[in-house]
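The same chain A turns up in both complexes below, where it pairs with chain B and then with chain C.
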Partner chain A sequence: MWDLASALLRGLQTGSIYAIVGLGLNVIFAATGVFNFAQGELVMVGAMLGVTLWAAAGLPLGLALVVVVLATAAIGALTEVFAVRRLSSQRDATLWMLSTLGVAIIIRSSATLLATRNGGQNAQRSFPNYIKAGPWHLGQLSVVPQRAVLIPIAVLLTLAVWTWFRRARWGRGLLAMAADREGAAMRGLPVGSLAVVAFALGGLIAGFGGFVGGPVTQASTEMGFTLTLSAFIAATIGGIPHLWGPLVGGAVLGIGQQLTATYLGSELQVPISLALLLVVLAVRPQGVLGREVRTL
Partner chain B sequence: MSAEPVAAVTSSPRSSPWLRRSVPLLQLAVVVVVIAVLPGTMPNTFYLFSLTVGAAYLPAVLGLNLAVSGGAVSMGTSAFMLIGAYAVALSQIHWQLHPVLGIAVAVVICAAVGAVTSIPALRLGAFAIAVVTLMYADVVGAISLHFRSFTGGADGVSASAGAVTPSQMWLYVALCGLGVFILHRNLLRGPFGRALMITRRGEAVAASLAVASGRYKVAAFTIYAALSGIAGGLYQQLIGPISIETFNVGISITLLLMVVLGGVASVSGPLLGTIALTVIPMILNQTSGSGGGTRDLVYGIILLLVVLVVPKGLAGVGRGLTSSKLLGRGKGGTDAGGSSPAPIDEHLLAALLSEGRGAEGGHLDVDDVVRTIGGLQILRGVSMTVESGQIAGLIGPNGSGKTTLLNSINGLTPVDRGRVSLGGTSIDGPARTRATAGVGRTFQTAVLTEQASVLENLMVGLDARRKASHLSYALRLPSACREATERHAEAARWAAALGLGGLLGAEASSLTPRERRLLEVGRALATRPRLLLLDEPVAGLTGDEIDEIVAIVRLLRAAGISTILVEHHAELVMGLCDTVTVLDAGEVIASGRPSVVRRDPKVIAAYLGDELLALDDAPIEEVSP
Partner chain C sequence: MIRRWMTALVAVGLVAGAAACSGPSDGTSASAGASAGSGTSNTDPIVIGVLLPTSGPLAGTSTVYTSIVKALGTSALPGTSTIDGRKVKVVLRDDQGTAAGTASALRQLLDGDKAEAIIGPLYTGEATAALPLIKQANILSIAMTGCPDCGDGTKFPTTFSIESDRPSQMTSTLDRMAQVGAKKVAMLQSDDPTGQAYGDAFAAAAKAKGVDIVKTVHFAPGALDLGTQAAQLKSSGADAVYLATAVPTDVANAAKALKEAQYEPYMFGNAAAAVTVVAEAAGPEWSTKWAASGYGKNTTRPNPAPQAAAYGKKVASISGEAALAAPINLSAGILDGFNLIKRAVEGTHSTDGTKLAAWLVKNGYPDGIKANYTFTDTRHNGMRAEVQALVQPGTLEGGIPLRAGESG
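Let's look at the complex of A and B:
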């Protein structure tokens, strides 16, 4: 019983990280029709740069966070300008997929080179807690505030992005692009700039997720691919490109993984995740919240 | 790919068939000799080992090229290599099977796994396929950890190739790679490769040409899985001990880079890519599978640059250097030699059309078709009839449902209600089966296989009537060779009839809008339709070019082929068509002879305005000479 409660809590906590990264994927896909393979790498940059600036270099927490999200937003924007812009309008989706994969490999290997440049073998960093309180005990359930705080953070972030899409000028532009890209271009919206904004916002969200989730994921230059995968699965389960979808999908995926680890063995987490993805695509390809089927 | 068939067709008639047949054999002999003497020329054993590793990867790279040609960018190569390696090693350890038999086991297992897993995965888009296949390796790893008593768990297993010298090993591996290369070339240059490439361009277009996209993707993925299994098995025999760490995501990406660097869907590209990414690290004293952050960084930059700057890869660069001289037209050069474009040859076209199914069976009945998208009724009970061999015009304001109606006639859009029948038989299957039944289709924007030649684009249409099996094409059996020769000749006649005779070897991407439209129409006609649906065929064309399309449509009528013409060009429709149907907001508001429809008050109010009444006084003969 307490095992189950604990698995559910841990599932929601990791699911919140998937939800944040998946939200970034969705924002970019909604506006440009492109999935950014480097999204997980930007999470990695957020965690690695965050731990370096805050824990190692001693910057104040808030300042470190601002620098990190500005950096990942800039990388996101550059990705659009240099690697995606000329390819996203073409019919052949393999092109932008390969170019963003190239960007992902470049970010990952550069980070590995930087992290190990002083002869260090280890491209991993331990990410300290930024909330020191707790743990609290509810019966046999142990709640670590540092981990549990990720759940409200993911919800509030989604709410903020959702509000921005409806209230802000640029946000409404992105919403128009998501509804009808060609129509938005014909009505004179600056679709080129909007695409850059979408990638920058996606990068910002990824860097933010890497930083705030750091104490749970820890920091490693190898962590990116897995996060891209998990985020994509979370977004797909929730319904791409529905903004609230990743929260739902992240919770399903996170809980599924933790239940697998608790009752079946942790080596089966990836097979179960893949099975979840395939089942959703077979039974409800538009996702839990989605309305129409899209070819992803 | 584009240069080869041209050589076959235009090669001088004086060269004897004997000579033509012996050239490939001679090439083969040279390659075998080179493979045999290569070990002796290597300065050290590391170089030979590196080359052998590269040759062991080659089957997987060639297979991956087939998968990517069909639009499936797989990142799960390492999973299939792992299965192959384990199959060979474990069958040797547990059942004392000979490695050759072990590789056969690997092929069977990998093909089965590839086929089963690809059926759900390939229904997805490019990104989802990449994500799903990226997880395959972890799944295989998890399974091997779970059954550790059989697989050796995390420690892995070891099986030795016995007393084989490095030179012998190279010979076996390289000859295996050569065999796979020939198979891969035959598949890519035959109907299989053409079907894969049009599938990647767009499955709707492929379906309208009777190409079963889904089956081709699954077949290509299955072949890829089997070939990756061979690569894994060869690698295991070369190395000895293997574990789930032997093949990681890095290998999958390296092999993908070999395909992309060489040139996707080209015959020689993957080979060039494999050689480049084997020899360059070799000179830097690394094997192509290993290496640290620096190598990864370089590979990432290469991947990005190739996709952005030279998407056709090394093979495309090589072709660009040679073809501009050989074929008289380089990339985009439409004015080479200053020659004016050749006109269409109406006599030849009439002759080709008369070889078709004949006048029977082109009678189309559309009965009460309803189509709803997202709660919005796009078609509200549309009925129309086209008599055999008639030209039916379909007009209406933007958004009135013209293209949706075409889509529901050729099966690209499902209908909520209603019936479509051709020649008295109900047709209700998917677009592919309707294409087989005789519904041809062109699109508002001509979608061609851009990197392939004019000839090959026409061959896609002819492939709808293919009789020889893909296996006989892969093995170049006489039946396939005979069919290929006949079809090349027929494609050349279609090209000549459409005024594209001088451009047989030109890449589709280098054609003018007129040539693209003629090629698209020719490709649809090559499938021998009974009914041809033309969606704005003259959009973007000018006076004389429009007359050519008009002439072609008249020839269709003469040959007994029914036509539906969707067009904004009202004069053209009124002058050319036997009947005109007017759609407005998903409903037929008028239908009948042009002279009647033109005066219909509802039509005038909804669409034509006064211009058509004014046109009454003008001589219509001007557009219908």
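Let's look at the complex of A and C:
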């Protein structure tokens, strides 16, 4: 029983990271119809810049987090302006796929150059815990606060974004654009600016995820792709572009991985994750939440 | 106008991508007229190809080598600008940390760059993929890994390795486990080719020594939470754990998970367990219970060899790193590889792989930086058990805290 409880808790914790990264993907895709392949690199920037500012340079945690999310939001906005804007309206999706892939490579290469400019090992950093408390024990269940805190963070972040979309003027504008981009433009909504806002919000979420998840993922200039892949699987399982989809999909994926590791063997984690995705696509191609809400 | 900007940006991205994936990164200024084989003119530059993973999941581990690769052939590293009177041109290509990427990059080095000798790759899977091409081209290659076939002079007569072979590395590790009084041994193994290779070698060495591995636990490379694995290892009651992986961030994640499980056994691994990111994750107290193999005695503290101390100062002046820190030990292998090539070419006045191999077997490299290398016709791993050391993460202090060959 304790093994099962531990697997469920660990799955939710890991799934929360997938959920945060997947939320950024969904926000951008819902509003603009573009899948930003550079999103994972912004997570990497969040982790690398975060560990540099906070752990190495000694900035206060909150200030470092603000600087990180502003930086990644800015990179997200610039990505829309320079790499996506003129291409996303084309019918051929390969154009924005290529351009966002190009941005991903530029970000990763630049980060590697910066991190290793003295020939050292700074392309990989150990991200210290920002919650120092040791494990709590509930029977045989060990709860690590630094990992457990990711669950409420992911839920509250999703709730905040969901609320912003419904209450804030810019959020409602994005909803309108998601429903009918041309119609929104005809009614005078600044769809170009709204797209920038969507990418900036996606970048902000990615940077936030890289920072708050850093103690679990560690920081490495090569971490972006793998994390994006898992987040994409989570978002697909939960339902693209549903805002709550990544949270549900992340939980399903994370728990599936941990149950596999506990009862079947860790060597089966990757195949079973992908099998899980295939099953969901076969049974509910729209994802777990896809039918109830078609858009945001 | 904006369309042009878009086109330009996409083009820049693609060019950067191509560069990251397979493009060369010359360590020296370009030299025209490079040529291959034994029919080269003495006035042509001699092209030394280097294979490192500068992209992909293993890219971070190659950064410690690149400052030295870039300094080869320049005045920053005296003695490397010429070989046998010919100017040196170093061409670095990205093997992407995969067998397919290695084959592609090596083919470019051989056919496009006309490389006459090769340094690298770093890892087992990539080095194994390079072996048939090297053999076919009959050129000298110095692998940075102790992969089984890299040291098999019978199968691949022109490939040598600056590393120890796995059996002697694992024997040193098991000897140290015995010295610290470990009663139960477990293994944490990554499900990738290098993890598999290290795991197999450790299991074989343990069996040969009559050591029972009480538990072997696997993990997927890049897994975010190794808590389940940590719990399984803890419940096995092992007081020493061998880490079979070459990815430092995975080692760091394992260290965090084991600490969270409040389980801090003696930890053993290869060079990936010795880097700073692992020391940061393990913390200063537990680091003293870690030992990473694959190191040469010459560069370890407290008594580094004079040539290693001098090299440490030189690298510190090039890259700004602290002298004789763990990365310097690793990068010393690149310069040792270069010097093996240089000495053999100058000893034979040829770039023919067969002649160079025969010269190396006869002469070895008794004053290498990382270690003193000796070879035989059949055994091309240059670092023997007696010149190996185990070190703590983040330092070059002897691991736990003795060095191989020293009594407990």
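Simple rule for what comes next: the second predicted complex is superposed on the first by the 288 of 296 C-alpha atoms of A that agree within 3 Å, B and C clash if a C-alpha of one lies under 4 Å from a C-alpha of the other, contacts with A are read in each partner's own complex, and residues count from 1 in each chain.
The criterion applied here is as follows: a residue touches a chain if its C-beta (ideal position, glycine included) is under 8 Å from a C-beta of that chain, and two chains touch if they have at least 3 such contacts.
These figures come from a predicted structure and were not determined experimentally.
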Chain A as common anchor, with chain B and chain C clashing or fitting: clash
Chain B versus chain C as contact partner of A:T14, first or second or both or neither: second
Partner chain in contact with A:L281 - chain B first, chain C second, else both or neither: first
Contacts of A:R125 with chain B and chain C, given as first, second, both or neither: second
Chain B versus chain C as contact partner of A:A5, first or second or both or neither: neither
Partner chain(s) touched by A:V66 [first = chain B, second = chain C, both, neither]: neither
Chain B versus chain C as contact partner of A:Q258, first or second or both or neither: second
Chain B versus chain C as contact partner of A:L159, first or second or both or neither: neither
Partner chain in contact with A:T217 - chain B first, chain C second, else both or neither: second
Partner chain(s) touched by A:R86 [first = chain B, second = chain C, both, neither]: both
Segment of chain B that clashes with chain C, given the candidates 27-35, 45-53 or 261-269: 45-53
Set of chain A residues, in rising order, touched by both chain B and chain C: 82-83, 86-87, 95, 98-99, 101-103, 105-106, 108-109, 112, 116, 265, 267, 270
List of chain C residues in touch with chain A within their complex: 2-3, 5-6, 9-10, 12-14, 16-17, 19-20, 56-61, 63-64, 66-68, 191, 217-220, 222-225, 227-229, 231, 248-249, 252-253, 256, 260-262, 275-278, 280-281, 315, 318-321, 327, 331
Chain A residues touching chain C - in the complex, by the definition given at the top: 6-7, 10, 13-14, 17, 82-83, 85-87, 95, 98-99, 101-103, 105-106, 108-109, 112, 115-116, 118-126, 128, 134-135, 142, 144, 147, 215-218, 220-223, 226, 257-258, 261-262, 265-267, 269-270
Residues of chain A touching chain B in the complex: 35, 37, 82-83, 86-87, 91-95, 97-99, 101-106, 108-110, 112-113, 116, 225, 228-229, 232-233, 236, 265, 267-268, 270-271, 273-274, 277-278, 281-282, 292, 294-296
Footprint of chain A on chain B - complex, ascending: 68, 71, 73, 120-121, 123-128, 130-132, 134-135, 138-139, 141-143, 145-146, 200-202, 249, 253, 256, 260, 264, 292-294, 296-297, 299-305, 307-308, 311, 374, 447
